[in-house]
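So that you can tell them apart, the chains are marked A, B and C in the order they are listed, and the count of residues begins at 1 in each.
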């Protein structure tokens, strides 16, 4: 991924935009975070990948999501859908279903969000899930099969499935949940890995990168952790990620 | 507050949103920073507290403030009004008065903003006040009496009043004024302390938390200070805040 | 500049707003980053300088740019135009030309953006230029002559021209390109230097400040660099900048 320096277009919330941009740059991608309805559908056509994240967008940003995703599909740009806080925010549920119907390459969310999209009650409250990823494994597999996309579920243990095989990735630092935007960043890193790579492999590689980078950060407070995480994304090599990641297949 | 992990809905400017979110997380609360008119009035109904901050919002975010505050009032969600730069920005003055008429639980501002809301000339220029908090003590007391809410005024010495008693809190690091968003963060921390606590006590506790945390950060530049402040909010305990805060009553 | 503590109004993208605000504060200016069409044209009238940056604005923010720039011109507020990603984003090219026609005090961009504004093909892809600043020297000089403003071009070597003289400023840390927002920050620092100073001198001084500050940061990852850059902007003195900057005239 570093060699290709993919241009990643991200529609992502204003709270996390700086971390997403810096994390993409540190990992070797080039971010382009434009949300407006006026610009995003055009800009995405020159991008190598797209992230569509529902978190904390403005009304203008929300209005741009469907046209941007449609433009990505038309131009063959692979894309990640991150349905942040779906279920909790009423306006997001129909929007997430409409986006899902457009066929994202990868859907990435927490257990609550994935269960909500399969029609269950995700019990989501705020952007954090109250369910572990194992509770969502069944829903993720079903969603991957019905929608035809790879589904990645984050939590204490992450999992990635294409509907048949399931990979679990352990070992991410628990401090990833103590700073805002690490879920959004994972969606963005997933998008950055998509060009030229099988979606299942890209989702696993992005998750492995973030978890290994987070584990390399020593003990420190959450403010320092956020800074050191960007440093670690810059410093870690692909070989190191492959050597240090803790994967299991089922 | 940490034990309850309150869900805090914040309508706050895009400049400071990441610090507000990270500071809330570090202090043990869960942030939900959605500004849009389409979503915020619904989302606030599941929150434990609300922050309404006028600073640097988009037009869309501005349009959502009144419906969101009304929804909070209807659902008994306690809320903080932070009238950032009122007086300076013409559109904010009538909006701040409309919000004040809805009855915030706590109004938090600097001296200039509080004086402006009592009808005086706050001489505000930019988001910083050119008046000390003592000059605002009289205005704060009058505003607390007329509006029926607790008024918290920040500055070199902070004060909190319910119209009768006044608490002054000293000892915040002067570097709090050298990074953006610490005022917004204080408003958010105040909101986070409101659930189940008397508003006067919550405003004092939040101010004490921020000032004690800031004083624990050693000498360093403003970039490092902002990071270390989040670390300190995570590390400091309630007992330590109570032991280290410098309060005086009148 | 520190002594005057100028109030700098910035319309700049949400991705970089926190760094721009913290960098301005560290350098001694006071930031006021309000983008909305409803507020910005009024607020700019009390500012000492204005930055208009096209990067990652909302539709609302885009709509406010022309009225805000017009208000600056009417009230004699000096201003910087930063046409981020012009050429790449179709809607920005006519907008940038309209803004340029209003007569910015300084135009600041990378080589690709400056060449695009002179009618050439800047080959821009994302916010980064693929052209060195020397390739843009001719275009910058032509643009400065035709538009009557000072033109500053950033890249591995920066250059500033008023159409006749050209100053090149070397020595900025290459890590300036590894974090988001340093270009936006340079535009903001340029605006901060404008009040009471010749535009050519202000553009050179701002570029010198950022490059010297960046060179003072030791080897570290990009997350840490961003934090240390703000510290360095706070710590470095004008005399140190003058002593350490590497300038050449032609």
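Going forward, a residue touches a chain if its C-beta (ideal position, glycine included) is under 8 Å from a C-beta of that chain, and two chains touch if they have at least 3 such contacts.
Values in this document were obtained by computation on a predicted structure and should not be read as measured data.
> Counting shared numbers against all numbers at the contact of subunit A and subunit C, is it over half, same, or under half, different?
Since fewer than half of the residue numbers are used by both chains, the interface counts as different.
> Given a C-alpha superposition of subunit B onto subunit C, how large is the rotation in degrees, taken in steps of 5?
The two chains, subunit B and subunit C, differ by a rotation of 120 degrees.
> Using the average of all C-alpha atoms in each chain as its centre, how far is it in Å between subunit A and subunit C?
32
> Identify all positions of subunit C at which a residue touches two or more other chains, and write them in rising order.
In subunit C, 14, 18, 58, 60, 226-227 touch at least two other chains.
> Taking the touch rule as given, give the residues of subunit B at its contact with subunit C in the complex, in rising order.
Where subunit B meets subunit C, its residues are 13-16, 18-19, 56-60, 62, 85, 88-92, 125-128, 178-181, 220-224, 226-227.
> Which of the residues in subunit B come into contact with subunit A in the complex?
By the definition above, subunit B touches subunit A via 7, 14, 17-18, 21-22, 25-26, 30-39, 42-43, 46, 58, 60-61, 226-232, 234-235.
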